[in-house]
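As written, the chains take the letters A, B, C, D and E, and residue 1 is the first residue of each chain.
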Amino acid sequence: AREKELNILCWEGYNSAQVLDPFREKEGATVKAESLTNDPTMINRLRSGESKVWDLINVNNPWARKIMYPEKLIKPLPKDEFMPYFDKMLEQFHPPYKWAMSDDGSELLGMTQRFGPYSYVVNTDKISRKTAEETGWDLFNDESLAGKYGILESDDWNVFNIFLVAGLDPFKEHSPEEMKAFEDTALKVFKGAKLIGDIATMNQALISGEIDLHMTGGTYSVSPARADGFPEMRAITPLKGPMNGKGGVSWIEVTSTVNNPELSPLAPEFLKYVQDPEVAHTVAFAEGTFNPVAQMGNKACFDLFTKDELDAIQWDSLEEEMARSVEYDIVPDYEKALDLMNNAKRQRS
Amino acid sequence: MGAGQSETARAGGGRPGEGADRPALPVLQLVGVSKRFDDFTAVDDISLDIREGEFLTIVGPSGSGKTTLLRMLAGLEQPSEGNITLRGTLINDLPARRRPTCLVFQSLALFPHMTVGRNIEFPLKAKGVSAAERKARALELLRMVRLPEAYYGKNVMTCSGGERQRVALARAFAYDPDVLFFDEPLSALDYKLKKLLEKELKDLHKETGKTFVYITHSLEEAMVMSDRIGVMRAGKLVQVGSPDAIYGQPQNRFVAEFVGEVNVIGVTLSNGAWLSQETAEPVRLVLPQTMAGAERAAVVIRPEYMKFLAAPGDADNVVSGRVYNEYSLGSRIQYQVRAGERVFLIEMSRSQIRPGTGDGEVLIGWNAEDAIVVEA
Amino acid sequence: MDRSRPRRSHLMIWIWTIFVAVAIYLPVACGALAGLSKGRYFLFPIRAYSFEWWQKTLDSLEIQRIVQTSILIALIVTVVSLVLGFFGALAFARFDWRGRRLYQKLLLLPIFFPQPVLGLALLLWFNTLGIQPSWHTAIVAHLVWIVPVVTLVIAIQVYGFDPAMEEAAADLGAGRWMILRDVTLPILWPGIWSGALFAFLLSWGNFPLSLYTAGADSTIPKWLYSKMVAGYTPMVPALGTMSTLAAATLLLAGGAIAGFVKARRAR
Amino acid sequence: MSDATLGTSSTVREKQGKERQGRSALRHLSLPAGARCASPILLFMALGFLAPLLTVIGFAFAEPRSFAVFESFTLRNFAEIFNPADTVWMSFAWSLALALLTVAALLLICYPIAYGLVRVFGRWSSLVSIAFVFPLFISENVRLYGWTLFFINHGVLDGLLAGIGLSGPNVLFTPEITLFGMIYTYLPFMLFPMTLGLSMVPGDLIEAARDFGAGRLMIWREIELPLAMPGILIGALLTFVLAAGAVAEAKILGGQSVIMISHDIENAFTYSQNWPRGAALAVLLMIVIGGLSMAVMARLDLDRILGRR
Amino acid sequence: MGAGQSETARAGGGRPGEGADRPALPVLQLVGVSKRFDDFTAVDDISLDIREGEFLTIVGPSGSGKTTLLRMLAGLEQPSEGNITLRGTLINDLPARRRPTCLVFQSLALFPHMTVGRNIEFPLKAKGVSAAERKARALELLRMVRLPEAYYGKNVMTCSGGERQRVALARAFAYDPDVLFFDEPLSALDYKLKKLLEKELKDLHKETGKTFVYITHSLEEAMVMSDRIGVMRAGKLVQVGSPDAIYGQPQNRFVAEFVGEVNVIGVTLSNGAWLSQETAEPVRLVLPQTMAGAERAAVVIRPEYMKFLAAPGDADNVVSGRVYNEYSLGSRIQYQVRAGERVFLIEMSRSQIRPGTGDGEVLIGWNAEDAIVVEA
C-alpha cells in the first residue's frame, strides 16, 4: 500500500527540494521529509508511536547502535546490498564502520553520509585562528570576551561544551565536585553570552559584528556564511583539550530504516539514491548548511566540488580537525547536566 | 342612540365566558391563563373568548401585562398555567410559526439588514411565493400604508420612527394570518396618519373578516375601532365589553377613570340617602339607583354630562364654583371649576356657548340619570 | 458639537493608527528586502539584488505541496469552526439554559492550554486511538484550539442580537432554516466574518499544534521553522512576502467582488 | 470529570430547565435550544480536548523521565518543580509578567485604533482593518525575524542611520525587545475583539450622555468602556493567554535573554526527554492561566454587562 | 372665550420673527436653519424664535424633520445652513454638553448597563453632585414620574416600555437644564398615566419657568399643554401660533387637516359668489369673507360646528344626507353623513341629543361664521 510514498525524519538538508524533487520525479512518489534539530526529539517521535509513520530516520552516530536498535526502533539493512557502498567512502568510513554496525558487529544499521567537526566558530578578523586554536575552550572563560559571544541553541551539544569549558571530559561519569564545576561554568558562560539562537541568527550576528565568536558550531553551521563571501568566519577545533588530550567533538550522520510494520519499499531505494555521486554532492550542498560527505572518497563525487565549495567546508583543514576531535557519544551525566544547564540559562536574566 | 347603535352594538357587551348566546366557536379561547417570570406574575388567571372576526382591544396601565398576554397568544411565550385553544384545539405548545396568527411588535422587530421591500416580502418568502409576485404584493402593501413605492429599496434603518411602524404593519399584512395581534402599532404616528391608518385597519378588518387583537394607549383609538375592549390591571382582566359599555357602565372606579376623564365623588349611605363626603358639609345627592347592601360607593360623572346651569333648578344636583382653567382640546373645550377643595371637569363642544357669568361664581350640575354609581 | 477638539483628536487617532500600521509592515518590508537580496545574510544597504530566491521558491515542488496543505487545512478548519462556533456562540450568549454558565467556562479551557502541550497531548491521544498523524489530525488539533476562539468572537456579536428578530420571523411563518439563513446569520454576519478571519489566520499561522500533530505532512509555519533553525535561506522571507501578497490579492479581490455584488443587489 | 458524565449531567439539567426556555423560536424539540446548539461543540471538545487533557494529567503524575502514563503515580514531578533549587519559577514569572505587560500595552495601543475604526475612519475603516490583517498571513517567526533584520547591526535601521552619520541603538537580545515582539505579534488579537466590542456601543447613548453634560472622560468611563467591555475583555484574555504561552519572541528577538515557560516545557519534551516533567509544568501553567482568567471572567459577568438585550 | 382665554393666549399667536412686541430676548433663535443629509433636506430654511419660558410644541407628519430640528437645537447635529443663537450668542458649534439644554430621546437612549437609579443620577454625576444627594434626588424624581422607589435598583432593561419612558423623563429632569426638549416622551404611556404626566409636565413647566420644546403626535397633548404650536411639513415650518390660532385659523388646508378632523369643500369664485365644486350641481355657499384676488379656495368646517337641523332655515348653509355611521369617541359621538358622493363629519358631545329623524333623510348645515376659508 505504501509503494509510492516515503516519509523521512531527518536533519535538515535531506528535506530540501534539490535532494527530494529528483527522487520524487524519478519514482513518481509522494515523499515527505520532516527535519528536526536535535536527536532526542526524533528518537522520541518514534517512541511515541510514530514508527508507523516514518520509513527513514537520520540522526547522529551513537543513537542507532546504542539506543534505537536495542529498543527495536529501527531494523537492519541487507548487508549484501549496502556494504559495498562503504568501500567507496572516505577512508575513515571503510567497513566495518563502527557507528553503522550493531554492537556485536553482526548487523548493518545504517548508512553514513554527512560529517564534520563541531566545536566553536570565530570571526578571525577579531580573534585570529591561531589564538582561537591555541586558547581552546578557555576562550569562554575569558572575562574580556563576555558579551561578545553567542551560544547556538543546541542543548545536547552545549552540555558537552560546558563540560569542556570547565576542563572536563563530557563522555565520562563525574564526581559531585566536577558537577559543581560544571554548574559554575554553566552559570558564568550563559551569563556572559550576548545571545542564544539558531544557526541563521549566529551567522547573521557574526557578520553584523554583534558577536565575535559563538560556542557550539563547526563547518556545519558556518559554511553558509563562508559560502556567502565571509571566509573570515571559521569553525575552530582546539589543538588540545580534556578528552585524552583532544579538544574537539565531531559528528557523523547515520540514516537507518525505521522498524515500520509497513515499511515503504522506497526506503532502501532512497538510501541507494543518495549514494550516487551527483546526489551525494547535492546533499553536501543542500540548501541551508554545507558539509563534507563520506562519499567524497569516490573521485567521481569529489570532482564535483568546486574550489569555492571546498573552501566553504574548510576542506583544507578537515582531516586534521577530525583528528583533533573525538566522536560524538552518549553523555552519562546528560540528564543531570542538562538540568543544571537549564537552571543556569534561566539565571541569565 | 340612533343609526350608529347597530354598528357599535354588533359585538354586544361581552364578559369572559359570556359568549354562550353566540353560536360561533371562539377563534381563540383562554382558560385560567397565567404567566409568571420567576416570582412575578405578569398575567394572572385570565379567561377570555376571542370571537371569530371581532376587533378586540386591550387597554391597561403600563406594565399590566398586555404585551405578555399577546405574546402568549402569538406563541412566543408559553403560559405558566391555563390553556389556550385555537378553534377548540389546545395550542399551548404550538410554535408561533405554525399558528395562523401574527404579531406586530411594540419594538417593531424589523430586520435591520433588509430593505423595506425585503422586510415586507419576508413572510411571503417563507410561504414560497415567487419573487415577482412578492414584489407586486409588497408594492401594493406600501401603498396601503401610505409609503412611496421608492421606499421598496430603502434601507429600513434610515426610515423615521413612523415610517418604520408602517413597514412593520405592511409586513404583518403580507403574512395574511387569521388573527392579527397589534402591540401599539400606531403609537409613533402623527394625528392625521394615525386617523388614516385607523380607518385603513378598520376597513381591512371589515373587508377581510379577520380577527384583530389590538393593544393601544389611545382611548380614542380603542373607542373608534373596537367591537369590544378589555381592560387589564396588574395582570388581571378587569372588564370586557363594548366601548359603550366600558365607557357608560364601568364596573368600578379604576375602569371609569381609565377610559376617559371623570368626576368621581365618594358617597356614603346615610338614612337611605347618599351623602357626598368630599364637601365641607355633607351634601345630599340625587342618584339614579341605590346599590343593594353597599354602605359606600363612588359616583362617576363624565365631564360632558356636567353642565353650566342658568338656574339652580336646571339639574338634579347642583354645585357652585369658580372657573379657574380652560383648555382647548381641539373640537372641545374643557373647563376646570373649583368648588371648595374639589375641582370639577366640564367638557363642552367648541361650538356650544357657555351659559356662564364670566369669571365670577358659576352654577354647575348634573342630572341623576347621567351619573354612574360604581364600587368605591 | 465642539468642532475643533474632535477634529484634533481625530487627527491624532489617524496619525497613531498610521504609525502603528507602518510599524506592523516594517518587518514585513525588511523580510521582503531580505528575500530580494542575493546574499543569504542581510546587510543594509543591500549589496546585490536577485530574484534567485523567489525563483527557487516558486520552482519548488515541496513548497507547492506545503502551500496546498496549509490552505486546505486552514479552509477546512475555517468552515468547521464556523459551523461549530456559530451554534456554540448561540448557546454561549443567546439562549438561557441550565448548563450555560458551566458551558461558558468549559469552553474557555482549551484556550488557556499551552499549545505545544496541547499538540503533544493530542499526539499521545491519537496514538492511543491508533490514528496516524497527518494533516487530517492536524485539522482536529487546530479545531480544538480555534473553535473556542471563534465561538467567543461570534458570541460578542450574539450578545448584541435582539431575540425579537427571531421571534418576529418565526411568527411570520419562517421555519428554523429560513430564520437562520435570512435573519440570524445576516444580522450576526460581522461577527461571523471576524470569526472566519480568525479561524483562517490562526490555522494558517499555527506552528506548535501542526508540529506535533501533522505527522509527516508539513505546513508553511512548520517548514519555515525548520528552515529558520537550520538551513536558513532567503527563501524563508521570500515565501513570507509571497503569502502576504497572495492574501492581499485574494482579500482585495474578494472585497471588490462583494462590493460589486452588493452594489448590484442594491439597484 | 469524565466526558461521559459531562454529557449526561448537562443533558439532564437542560431538560429540567426546559420550562424556562420560553423565548426561543427554536424551542419545540426535546432539548432546549441552548443545549442543542452547545452539544456539537461539547461532544467535539470531550473527544478533542478532555481526553488528551487527561493524558497530560496522567503524564504529570508518572515517574520522571518515564513513558509509564497511567501505570505509575507519583508527585515527584511537582516536588521537583517546587524544589527551591529548581529555577523554573523564573520562567513562570517572566512569562506571566511579560504577558501582563503585553496586555497592558496593547490595551493602550489598540484602543485609539479600535475607536478610530468604529467612530472616526468611516468608509476607510474596512480598508484600515484589512491593513492590520494582511501581515498575519506571514508566519510570526518570519515577521519577528524581520524585526531582527531591522534592528541588527548593519540592518535596515542601522544602515539608514549610517546615511546621516549615526548608528542604530543596541536593542536586540534583551527582555525589552522580547516584550516588544510580543506586543507586535498579538496586536491583532486585541484589536479585533476590541473593535467589535466598541462597535456595539449605540451612538445615541453617547449622544445622550454628552447632552447631559458628561465630559469625554465620563462618557468613556461610564458608557463606552462598560458597554465595550465584553470585546475588550475577550481581547485581553486572548492576548494574555497567547502571550503567556509565547516563546518565539524570546528566541528570535530576545536571544533567550529570558527563558519563557513554554520553552521549558518544550525542552522537557525534547532535549530532556522528561515528558512527565513537561506535563507537570503544563498542568501548572494551565492552572495559573486558567485560574487568573476565570477570576477575571467571574468578576466581569458577560451576561450582566451586556444586559442581554 | 371665557376664563381660559388668558391662559391659552399667554403666548399669543406667534409667527417666526414676530416676537418684536415682546421685550424678552428669545432663549433660542433660529435664522434660516437647514439640515441636509447627503442630498436630502430634512430641515428646510426654518426661522423661529423660542421664547424664554414658553411651552412650544412641534407637530407634523412623520418624517417632516421634527426630530432633526430638535437634535440641532440640542447640539447633536449641526445645521448645514443658517444660525442658531442662544440668548443672542451664536451656538452653531457649541457642543451638546455645553448647552443648557437637554433632550429626551425618541429612542429613550437609556443606559442598559445601569440600574434605573444610576440612569437618573447620570447627569448629576456629570455635575459632580455627591452620591448621597444624587440618590435623594433620584428617589424624588422616581416619585415624580410615578415609579416605585424600589425601582431605584432595578435593571433598566427589565422595565416595560412605559416604565422606561418614565425613567428617561426622570433623567432629563435630573439634568435640570434651562431648555428641555422632548421627542414624543409620552407616546408609549397609557391614557391615564399620560394625562397624569401631561399635568405633571405642565405643572413643572409652570413652576420652573423653564422653556419646553415638545414633539408629539397627540393632538390633544399639543392642544392642552402648549403655549404655541408649530406645524412642520416636509422640513418647513408651515405655521406657528397659539393652539386656538392653529385650530381656529389654520393658514392652509394642510394645517387645518392636520390639527383635527375637518370637512373641507373646494370652492370657486363665480360672479362674486362661492360655488361648491363637489356636489352634483354647483351649490352656492354663504361664506364669512371673500379672499382677495383668489379664484379658488377651500372651505373648512370643523365637525363640531356642523349641526343637525330641524328645519332648512336653521343654518346659513344646508345639506341633506343620510347618517351611515356613528362612532363613540368617549365623551363625543361622531356621525358620518353621506350627501351624494361626499361624507360629512358631525361631532356632538355625548350629552347632546341629536335632533335627527332616525335613519331617514337628515338635514345638516353650518353657519357662515363657523367656516374658515383657506388657500386651496
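One rule holds for everything that comes next: a residue touches a chain if its C-beta (ideal position, glycine included) is under 8 Å from a C-beta of that chain, and two chains touch if they have at least 3 such contacts.
Treat the numbers as computed from the prediction; the structure is a model and nothing was measured.
Path length between chain B and chain C in the chain contact graph, taken as the least number of steps between touching chains: 1.
Ranking every chain by how far its Cα centroid lies from the centroid of chain B, the top place goes to A. Just to note, of C-D and A-D, the chains joined by more C-beta pairs in contact are C-D. Farthest from chain E in terms of Cα centroid separation is A. The geometric centre of chain A is 92 Å away from that of chain B, both derived from CA atoms. Taking the mean of the C-alpha atoms as each chain's centre, chain B and chain D sit 56 Å apart. Averaged Cα coordinates give chain A a centre that lies 37 Å from the centre of chain C. Of all residues in chain D, those touching 2 or more other chains are 23, 25, 145, 152, 154-155, 252, 269, 275, 306, 308-309, listed in ascending order.
Chain contacts: chain B has residues 76, 95-97 touching two or more partner chains.
Multi-chain contact residues of chain A (touching two or more other chains): 48, 153, 198, 200, 204, 207-208.
Residues 74-76, 95-97, 99, 101-103, 105, 107, 109, 111-114, 122-123, 125-127, 153, 171-172, 175 of chain B are the ones that touch chain C when the two sit in their complex.
Contact residues on chain A toward chain D in their complex (touch as defined above): 38, 40-41, 43-44, 47-48, 150, 153, 155-156, 194-198, 200-201, 204-205, 207-210, 335, 338-339, 342-343, 345-349. The touching residues of chain D, when paired with chain A in their complex, are 65, 67, 85-88, 90-91, 94, 145, 148, 152-155, 172-173, 175, 251-252, 255-259, 264, 267, 269-275.
The touching residues of chain C, when paired with chain D in their complex, are 10, 12-14, 16-17, 20-21, 23-31, 33-34, 42-45, 83-85, 87-88, 90-100, 102-118, 120-122, 124-125, 128, 140-141, 143-144, 147-149, 151-153, 155-157, 159-160, 162-163, 166-167, 169-170, 176, 179, 190-191, 194, 197-198, 201, 204-205, 207, 220-221, 224-225, 228, 236-237, 239-241, 243-244, 246-248, 251-252, 255. Residue ranges on chain B touching chain E, taken from their complex, read 1-5, 7-8, 59-63, 67, 106, 159-163, 184, 187-195, 217-220, 223-224, 243-244, 247, 257-261, 302-305, 307, 323-335, 347-352, 354, 356, 358-359, 370.
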